[in-house]
Structures are given as structure tokens and as C-alpha cells.
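Common to both upcoming complexes is chain A, partnered first by chain B, then by chain C.
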Partner chain A sequence: MAEFLSQYSIQRWLEACPQGYLEDTVYGHEAGESEPETVMMDEAQREAAIRTTTQLVVGERAALAASSGLVNAAPDYASKQFLATQTLDEARHVEIFTQRMYDLGVKKDDLESTLSQFANPNLIKFAEVLLEKVEAKDFIAGVVGQNIVLEGMAFTVFEMMEAGARDYNPKFAHTLQGTIADERRHVGFGENRIGSLIKENPEKRPEIEKMQRDMTYFMLATFADSFSGNPDPIDAPAEAEGASVEWQGVNLATATPEEMEALLAGTVLGEFKTRLARIGLEYQSPSMG
Partner chain B sequence: MSNIEPHALGAEAFFDEVQSFEFWFGAVEGYLTDRPFGHSSDTVDVALDDVRRDRLITTLCNYCVGETAALEGSSGLVRLAPNRNAKIFMATQVVDEARHLEVFLARLKDLGVDDAEAEIQRRANPLLLDFKDSLLELVDAGEWSSAVFAQNVILETMEFTVFRAHERTADPITAEVLRGVISDERRHFGFGENDIGRRVAQDPDLRSRLKDLRTRFDAMVVGVFDDAVGELALTGEGAPDLSRDYMDAVSRLGLGQ
Partner chain C sequence: MTQDPGADSAGASGSSDGRRRYELEDVGFREVPKRWRKFYRHWGGPTDELAPNEMLCPVCKVIVRSVREFREGDRLYCMPCMTRMVVVSDGNGGLIAQVVF
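Here is the complex of A and B:
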């Protein structure tokens, strides 16, 4: 364990992240980049972008609360150190997505009310399931919920959005690329650290599997709310049509919202199954009834 | 780091700037680049005699206790922070504290300590452990102002004072590691003094609550300083007055005797 954890030290993080892929970025993107005029000039598109970004801020705030809360629950120094880097990663994500809200024209004084107006209630419930475990200082459940379920979801959602934004909104795509690199590290830690702990604590399995099932339920409900009847669910509007926006073999510019929802849900659930199996847990399907 | 001069900004913009990830990274970049585990690879280690080596191990073990307290305290404070800027600042402090822990653990390893966790348990100063418990009780109780006072004013000032005194007499590698840590501590207690100073000015009851807390912590702080003076052999003419920085910090907040 000690050898693998040395890969997640502060020193490695400093070299890979702030001194690596974030070097010379400003709020996660290249200096001088801005939101496309097509988004800023079209009220419907701007509101769609604000709505999407709201979910990112809400998700990242939950991740910040969870990762910081887990530092105290971690059983060893190396895990505490990794979670400290994750805490700062998540705080950076909160900062850069909040900055995007401002870039999209949200006034600072209106930030909280705008977040309250657009935050998806199912995403908030998803976060509450996780934070209940963190509050209870349950390290194993907390890391599965945070680094496998939440981060696994975020990783895939960001990848899909990045593919959609790559050509028409390089600023947003670049912002997402840095966060994807961070999420990859977080998921890797979760998989590597938690497998042995689950093996040592088999009595925890039912409770953790229930948490995963509940979080998955609220995640799918969030996806359903976001895609249902929304012509621009991934913040890649019609201007992207004709451009190269292929993701997982599907052209996002021509796919219907229903097709995109099915694609995203299928990809995330597939990732969950793979990652949960790696740590010795069986994926639990939620009842959407 | 941006080229903005923070002190030319209005109050709200000032906090947006100085409590951001961008500002943190600009601040630490200069003294962390090319210094893996807190020191340059060009810095030459010197052989320490057995007595000095053993004293240094005890000192570093207690630094690890202090940094673990600060790591667990600041991570708990992220949740309690009253606004986004304070949350982001606390997150930068979390990673700073974890880095300090990592560099001190690395130095212990250089000195031949294989099982640092066991060594820390064996050598930890009980007063420092009491301080840690008291700090985490405040965090668990959700008391933002009291916990920030205990952590970012008392603990950080205590560490800053001891590290600065130690840096003057330490071997070259330990001294370089300490200089990087001291730069962070200055930022942390700056945040604490600013946050607590503003709150005390608006809430007279808070001043008396913090004075009570300060009285509770005084014995622990003075005891830790006394022990540090012995471990670091800081006695005799010209020895630093470790209590003075601490007294100055609490006096600046109007919390002196």
C-alpha cells in the first residue's frame, strides 16, 4: 500500500498539477479566451449555459465538502495527504466554475440566488446521501461515494461536455480538460486505496452498496431532468452542428436529448460496474419506479 | 499569479483575489519550484552527532503533531467557512498543512526513522496533543470563530515562532525546509488575524469568548514553548523570547491580558 500511496503525494501533485497541466492557465483556461459571442448574445443559450454551470458548481461544492471532511476520517498520513490535494482540486473546481457563472453575466450578488434557482433538486439529494456518510466519519463509504460514484459520474459528464464544447467553446473545453485530469487522479486513488479496506471490512458491504444504489437513483433522476425536453442539455448548442462533436461513437450535434441521456447514463453505469468490481463490490441497480 | 496589486483593490475584490487558488499558486510557486520535499537537491546534508540527531527527531515528531492538528483542523473548517472565498482559502491551507506534514516526514526518513507514525506517538508532547484535541473539539462543534482563533492565530503563531527560531540554528536542509513552511504560516495567520479582527470589531461578545479561550490555551502554549526551548537548546544570552510573538498576535486582536 505504502508504495502505491507514494504516487499520490503532495510532491507528485505539485509537479503534475499546478506545475504541470495548470501552468499558465487562468481560471483553468488559456489567458484571453472568452465565452463565444453566440452564447452571450442569445438569452436562451446563455441561460442554458448558466443552468448547466450551476450543476457543476453544486456538484463541486459537494465534492469539496466531502473530500475535506474525509481528511479527518482517513486512517493514515498518506491518505490524509492525498485527500488534502483533492480538497484543493475541488476548491479550484468550485472557483473556476463559479468564475464561469460570472463570465456568463451572473452578478456576484446574485450568485447564490441563481444557484438556488437552477440547482437540480435530485443532484442536491445525491450530494446529501454522500455527505451523510462523511458527517459520520465513515472513511470507506465516504471514499466509495466520493471517489468512485461522484467522481466517476463527474469524469464521464465532463468528458461528454468537453467533446461538445471542443470546437465551439475552447474556453469551456480547456476548463473541463484540467478538471478531467484531476478527476482521473481521484478515481484512481479511490480504486487503489479502498479495495483492501473493503476486503478487511466485509461487514460494510451492504451499507456501501445501499449508498451506491441511492446515489445512482438520484444521479439518473438528475440526468432525466436535465435532458428531458432540453434542446441544449450539454451546453453545446446548434452552432456545434456540423462540427466534430463525436463522443463514444455518437455525434452529439445530431443526437436527440433522449439519445444523449441514454448514452451518458449507459456510459456512467458501465464505468460504475467496472470500478466497483475492481474494489470487490457488486453494482446495485436502483429502482426508478 | 495575476499582476494585480491586491492592496489597490476594494474590500470584496481584495478577498476574491487573495483567497483564491490562483493567488495561492502564485504565492507558493516561487519557493516550491525545484525544491522536492521542501529543499533543493544542491543543499548538502551535514552529519549530526547522536545527541543533536535525537533532539531533531523529537522536534520533527512534534512538528508532525502540530501539522496534523492543523491539517485536520483546516479540513474541518472548509465545511464551516461562511463564504466561498473563505472555503477556497481553507482548502489552500489544507494542502499547505499536508505538504508540511509530508516534508517533515521526509526529513525524519532522511534521519533514519523508518516507522514515523510509531516514533511520533512515542515522542509527542502531551501538551500539543491536548491542544490538538481542544482544536478539533471546536471544529466538531461547528464554532468557526473560536476554531479559526485556535488554529490560525494561536497554533500558527506558535509554529511560526518556533520554526523561525529553529531555522536560525538548524542544519542546512532542515533550515531550508523550515523557510518554505514559514512562508505558508505567515499567510495562514494573516488570514486568521484578518478574519477574527473583523468579527471581534463587530461583535463585542466574541471578544470576551475568545479571551476566555485564550486563557484556556495559554498554559498549553507556554508549556510547548518551554519544551521547544529545551529541545532546540535555545538558552543563554541572545536566546529568542518565544512567547513574545504569541503575545503580540493576541494583543493586536485586543485579546491581551
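Here is the complex of A and C:
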């Protein structure tokens, strides 16, 4: 365990991120890149992009609140150090997705009202379940909720969005690529750090599994809201059709919103089950009645 | 730390173990410092066929590459998510990486 925790140094984070894959980026993408004209000139597409980006800002604000709150709940300094780097990662994500809101034409004075207008209520409830554990300084539940459930969801959602944006919107795809790289570390910490703690605290399992079930319920409701009747749910407009937008063996350009929702939910839930089993928890299916 | 994330192989000693060896090149994986980039590549999804010297990290879905083919019992390390793994049989004649906590 001590050897494992020694990996979480600020020095390694500096070499991998600011001096590594983020070097020379501007708000997460290459200098000079901009949103495609097809998005900026079409009001429906621009609003769809703003709506999607709103969910990213809301989700990352929750991740920032959770990771910073968990610093003081962590039982050892290596975990505190890692969570300090994760806090900066999440703050960066909030900043780059907020910058995308501005790039899409949202005025700075209108940011909060735009977020309130478009934020999915189920995503807010998803975050509230997690932040309740963080506020109670429950480190084990907080890390499972943040680094396994929230980050596991974000990891898959970002990969799907990156695949959809890769050809038609390199700026957004590059922004997502750096974020995905960050998420790899976060899910790695979640699994590696929590596996042993669950074994040492088996009495925590029912409470954590209930939290996972509640978060999963609101996550699936968010997906259903996002895809239902939305012709552009992953911010990859029709112009991307014909391009290479394959993800998990499915062509996103030709898939219906219902097919995309089923693909995303199926992939995320499959990952949840596997990740939770590895750390000694049993996936709890939410009642969607 | 060993430079090859898959070099910490049980029973392996240079090329005298009969394993096929590979020349690795940087294939554009920028998420680790430069000197380690050739040991990783992005996963292309379920249709991505892995070479005998490649293992999929089950935690972060990055492919870890070694200079020699993997065998059961080999230990490997995924730098992007900082996870240690061991190579095990998948029960169908293949090999997979299993996380070691």
C-alpha cells in the first residue's frame, strides 16, 4: 500500500499533465482552434452545443466540490496530495468548459442564468447525492461516488463525445482528450485506493451500495432526458454524417438518439458493474418505476 | 522504475526465454512523459485486435505494450492510471490483465 500511495506525488502530476499532454494547450485545445462555422451559424446547433456544454460545467462543478471536500476527509497525506491534484484537474475542467460556453456566444453576465436554464435537474440531484457524503466527510463513500461512479460516467460520456467530435470539431475533441487523460488517473485512484478500504470496512457496503443505486437512478434519468427527442444529443450534428464517428462498434452519425442512449447507458452500467466488483461492491440496479 | 511497463515478467531473462520480441515506436500516445510513450497506445474499442505484446488495462482502457510477448504470470504497470496488473488466462485460450490492489 505504501508503495502504491507513493505514486501520487505532485512531481509526477506535473510531468504528466502541465509539462506533458497539456503543454502548449489553450483552454484545453490547440492555439487558434475555434468552433466550426456550421455550429456558430446555425442557431439550433449552437443552442444544442450550449445545452450539452452546460451539463459538462454542472458535472465538473460537482466534481470540483467533491474532490476539494475530500482532501480534508482523506486519512493519509498521499491521498490528500492526489486529491489536491484532482481538485486542480476539476477546476481546469470547469474553466475549459465554461470557456466553451463563451466561445459559443454566451455572454459572461449571462453564464449563471444560462446554466440554470439548461442544467438537467436529474444531473443536479445526481450531484447532490454525492455531495451529501462529502459534506459528512465520509471518505470511502465520497471516493466511490466521485472517482468510481461520477468519473466512471464522465469517462465514458467524454469518450463518446470525443469520438463524435473528432472529425467535425477538432477544438472540442482536443478539449475532451485532455479531460479523458485526467479521468484515467481519477478512476485509477478510485479503484486502487478504495479496494483495500472496503475490505477493511465491510460495514460500509450497504450504505455505499445505496448511494451508487441512487446516483445510477439519476444518471439514467439524465441520459433519458438528454436523448429523448433530441436530434443532436452528443453535440455531433448531421454534418458529421459520413465521417468516421464509430464508438464501441456503433456508427454515431447514423444511430438514432434511442440507440445512442441504449449504447451509452449499457456501456456505463457495464463498467460500473465491473469496477464495483473489483473493489468488493455489488452493483445495485435502480428502480426506474 | 523499469522502463518497460511489461518487463517485470516472472521467469523472463533477456531473449533466452523463447519469447517473440518487438521494436516499439511512439504511436502518438501523449498522456505519459515522452520516454514512456512508445509503451502505450489508445484502444480502438471492442474490434481492436491486440498483438501478443499488448494488454488492455481494464481500469482506464489504455493498451500497455511490451518489447516481448506477454505470458501468464507477467506483471505489468499502467502509467496513465497508475494501476498494477498481472497477466492471467481468460479461460478461452487468451490472456487478460487482472488488477492487483
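Simple rule for what comes next: the second predicted complex is superposed on the first by the 289 of 289 C-alpha atoms of A that agree within 3 Å, B and C clash if a C-alpha of one lies under 4 Å from a C-alpha of the other, contacts with A are read in each partner's own complex, and residues count from 1 in each chain.
Everything that follows uses one rule, which is that contacts are C-beta pairs under 8 Å (C-beta built on N, C-alpha and C of every residue); 3 or more make two chains touch, one makes a residue touch a chain.
The structure presented is a predicted model; accordingly, all values stated were derived computationally and were not measured.
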Clash or fit, chain B versus chain C on superposed chain A: fit
Touching partner for A:Val71 - first (chain B), second (chain C), both, neither: first
Touching partner for A:Arg278 - first (chain B), second (chain C), both, neither: second
Which of chain B and chain C A:Gly105 touches, first, second, both or neither: neither
Which superposed partner A:Gln81 touches (first chain B, second chain C, both, neither): first
First, second, both or neither for A:Pro286, with chain B first and chain C second: neither
Partner chain in contact with A:Arg92 - chain B first, chain C second, else both or neither: first
Spatial angle chain C-chain A-chain B, Cα centroids [nearest 10 degrees]: 90
Smallest separation in angstrom, by C-alpha atoms, between chain B and chain C in the superposition: 13
Chain C-contacting residues of chain A that also contact chain B: 19
Contact set on chain C toward chain A in their complex: 30-33, 45-47, 58-62, 78-84, 99, 101
Chain B - residues contacting chain A, complex: 2, 12, 20-22, 25, 28-29, 32-33, 36-37, 68, 71-72, 75-76, 78-79, 84, 87-88, 90-92, 94-95, 97-99, 101-102, 105, 116-117, 136
In the complex, chain A residues that touch chain B: 9-11, 13-14, 18-19, 22, 26-27, 64-65, 68-69, 71-72, 76-77, 80-81, 83-85, 87-88, 90-92, 94-95, 98, 108
Of chain A, residues touching chain C in the complex: 4, 7-8, 15-16, 19-21, 155, 159, 181, 184-185, 187-189, 191-192, 195-196, 246-249, 274-275, 278-279
